[in-house]
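Chains: A, B, C and D, in written order; residue numbering restarts at 1 for each.
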Amino acid sequence: MIEDISVTFLDNYKDRTLVSPIMVEGLPGIGQVGKLVAEYMIHMLGAKKVAEIHSIYFPPHVIIEENGVARLVRNELYLFESDHRQIVFLVGDYQSTSNEGHYLLTDCYLDIAAELGVGRIYTLGGFGVGHLVETPRVLGAVNRDGLRPEIEAAGVVFERDEPGGGIVGTAGLMLGLSASRNIDAVCLMGETSGYLVDPRSAASVLSILSTLLNVTVDPTQLNARAAEMERVIEGLIEGERMQHDEELSYIG
Amino acid sequence: MIEDISVTFLDNYKDRTLVSPIMVEGLPGIGQVGKLVAEYMIHMLGAKKVAEIHSIYFPPHVIIEENGVARLVRNELYLFESDHRQIVFLVGDYQSTSNEGHYLLTDCYLDIAAELGVGRIYTLGGFGVGHLVETPRVLGAVNRDGLRPEIEAAGVVFERDEPGGGIVGTAGLMLGLSASRNIDAVCLMGETSGYLVDPRSAASVLSILSTLLNVTVDPTQLNARAAEMERVIEGLIEGERMQHDEELSYIG
Amino acid sequence: MIEDISVTFLDNYKDRTLVSPIMVEGLPGIGQVGKLVAEYMIHMLGAKKVAEIHSIYFPPHVIIEENGVARLVRNELYLFESDHRQIVFLVGDYQSTSNEGHYLLTDCYLDIAAELGVGRIYTLGGFGVGHLVETPRVLGAVNRDGLRPEIEAAGVVFERDEPGGGIVGTAGLMLGLSASRNIDAVCLMGETSGYLVDPRSAASVLSILSTLLNVTVDPTQLNARAAEMERVIEGLIEGERMQHDEELSYIG
Amino acid sequence: MIEDISVTFLDNYKDRTLVSPIMVEGLPGIGQVGKLVAEYMIHMLGAKKVAEIHSIYFPPHVIIEENGVARLVRNELYLFESDHRQIVFLVGDYQSTSNEGHYLLTDCYLDIAAELGVGRIYTLGGFGVGHLVETPRVLGAVNRDGLRPEIEAAGVVFERDEPGGGIVGTAGLMLGLSASRNIDAVCLMGETSGYLVDPRSAASVLSILSTLLNVTVDPTQLNARAAEMERVIEGLIEGERMQHDEELSYIG
């Protein structure tokens, strides 16, 4: 009988003990900001995959990898370790397809966090503002009042009315559900249009998260991707303007 | 493992015993009428929070409070006590997102009511009529025939064909599901357009509920809010009329 | 804890034993044909209510009765008894709101049928044809090949390609799920436009069902209602034709 | 109490033992390609029905067969046996109506596969390309890297970016969920427009599957059906072109 949610730790992880690691969640969401940051950090830090999560609350399909092998959609845990810091990354293909599933999956993620002795969680996301943002700010939320000064000192903005609608999905629920478990949690949201994948917003979040984690991550590749994306967007806008001018010249 | 519905009583409530208290439900709904009334009474009477309810049937998100702290969406219980009257208020951010959840949550509310020895329940709501109402009536429904004379004497209207579609959600189900538990329940519905938050309708419900509860609640602030809202609406209507006249003058 | 589905037999029914009764299902559906027939028979035969069914799979609301008392939406069982015939009617406000609920509720109805020793089930419904039907035929389906001759002899039509899409909801599932319980089941579907409540179609079904049950039910009131409805429709069509002619005379 | 999913083996199957049979899944899907192939093979090979699967995750309705007998929608298993090959076909009316049901049903299909000792599974489907395809290729996916050479050798194409969106539903999940059970699984997808039932695409899949299974299936009838369908489509296109020409001649 299939489990509603199953967590499978890889063999290479069996005998490891962690000392108060940090968990960083970057699942798909607005502007893919959280996913971009977490997957970039995994790549740059060379974090190792330690677990897979499957669930009937994910969409019912498989993804075909480059070698032609199909695999279930899933979430994954990656572990990065340096002398002074252990980080567990939570990334993946999807969040839940149902409301109830969001609660049940997040509760499972926190079971894992509790088991690993996680002392703090950072959840990452985008905050959609409906227009292009040149210098995206990073908005914050915490699950305990005392966390705020440290986070603000790192450059995170706490706006009274933003985000007005709260935080939807895993990035939000991990804050809400971790409070009763006495795990500190912080959400970092990069401003983004909400229409496009946004590496520029991700770079803003990465910069602040690196500071907070006291971990160095070279942002060059992410910045390059952002610059390239901006060239593409400018090209699209320019093309539209030219077409518009042409149409006007017909009329005139 | 997360519970589908969890009820957490606060410490300050641990040793209290209630004597046949009244329960007043005012969750979000049409015109936010019930919510306005219940939250206004909590505010004016200085009722104390005694419990929180969380559930996987609520939307999967958190609300960020003014201090930047995220909290799960929730329902809450507040307790007011005077010499002659104890009132338990049920208020909150949301009702269920699913049909089944409506039944399961209401059943939980009634478990609480039974445990507290609640003798009567008032559920509050709006009755949408599709147009602005200057002097909103308060329509009623009961879960036992014998309750009606007392409620009618307080000024509540029982119309044969209203509300034709019945009462949707918690305000309705609490009547339906409490009957078999032998708890009396009354629904009070203020007439409202259904398009806007309606403090005028809430004031009508408040007036009657105060009488029924034999509790004095100064309506000044709620009336002021209603008056202010009406000025805003009149401004909008006037603005539209002027624009319309201007357009006609162009044509003429 | 609320049950997903609860069946409550009334006291007046406690000590009754039935001898191979017939069950007749007439829940809401296309043209309300089944509901009209079953409720008309209950009314004309003076059948007595014997049970109520409530469920979290029904819509989450209450219905307000004429005396102002709210009651849960529900299904009901009524019993008719004559010297030679016992009939259990299954009627109600709604069918399930979810796909899974349809299966679970129907399984519950068949548990009741099995417990009562029901030997045969008639499910009633409308068959939507998309246009007004002057002399509606009654189409049939059975859950065992051997039942067909008797049903055809009563005037029921078995068309090879109708209904092509099968039978949706309780009227269909009761046939499908009763087969493995060795209970005979027959579905009678009156042709109907599908756009309006259709007492004419109901009268056709009633006529055949009376024959099959060998029970006399005076159709006068149902025919009167059908005639009245047809006058209303003719009036609407005539009105539209006149408006159309007027518009043409303007043009001409 | 009804089971969420029930599997009923027919009596004629009771005492059979299979030796590492192959399972072929052909449930409804894009272009009905998988269904066409599997049902055609069952027909041509004279495979015998051995089991039925019913579930509350299927749509809540019955299908009326030619003799007027209604039956639950269902999935079915058929068995073909020759000297050197045993094949279990999984076919049926529907896939799941819910996301969770897709996972639960597929898990059940794999329970059956495990119980029967199935050594390899072929799942069949269409790959929608959005336009008519004259010579449809057969795209593939596997659940283990080592399977690919054999499948490619049979003419199946493994494209790096196709299908980009992965494989939705049972055909995909059977690959994903069988990996952890150590059952080999291969998905074969015939290119198809995605707009019409596509026997031509099915013929392409059949040709390759016959090779892979080392079973001869005369494709004549399927090819005839494809040719007939193409004549109908050509007629439609021709008719539209003529109408277009006529309209132009009016203008000219």
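Criterion: a contact is a pair of C-beta atoms (placed from the backbone, for glycine too) under 8 Å apart; a residue touches a chain by one contact, two chains touch by 3 or more.
Owing to the predicted nature of the structure, the values given are computational and were not obtained by experimental measurement.
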Pick same or different for copies subunit A and subunit D, depending on whether their interface residues overlap by over half.
different
Maximum distance between Cα centroids and subunit D occurs for chain B
Subunit A and subunit D: spacing of chain centres that average the CA atoms, whole Å
38
I'd like to verify one number: the distance from the centre of subunit B to the centre of subunit D, where each centre is the average of its C-alpha atoms, in whole angstrom.
53
Pairs of chains that touch, anyone?
A-B, A-D, B-C, C-D
In their complex, what parts of subunit D are in touch with subunit C?
1-2, 56-57, 59-64, 66-73, 97-98
If you look only at subunit D, which of its residues touch subunit A in the complex?
96, 99-100, 102-104, 106-107, 140-145, 148, 158, 160, 163, 165-169, 172-173, 175-177, 179, 187
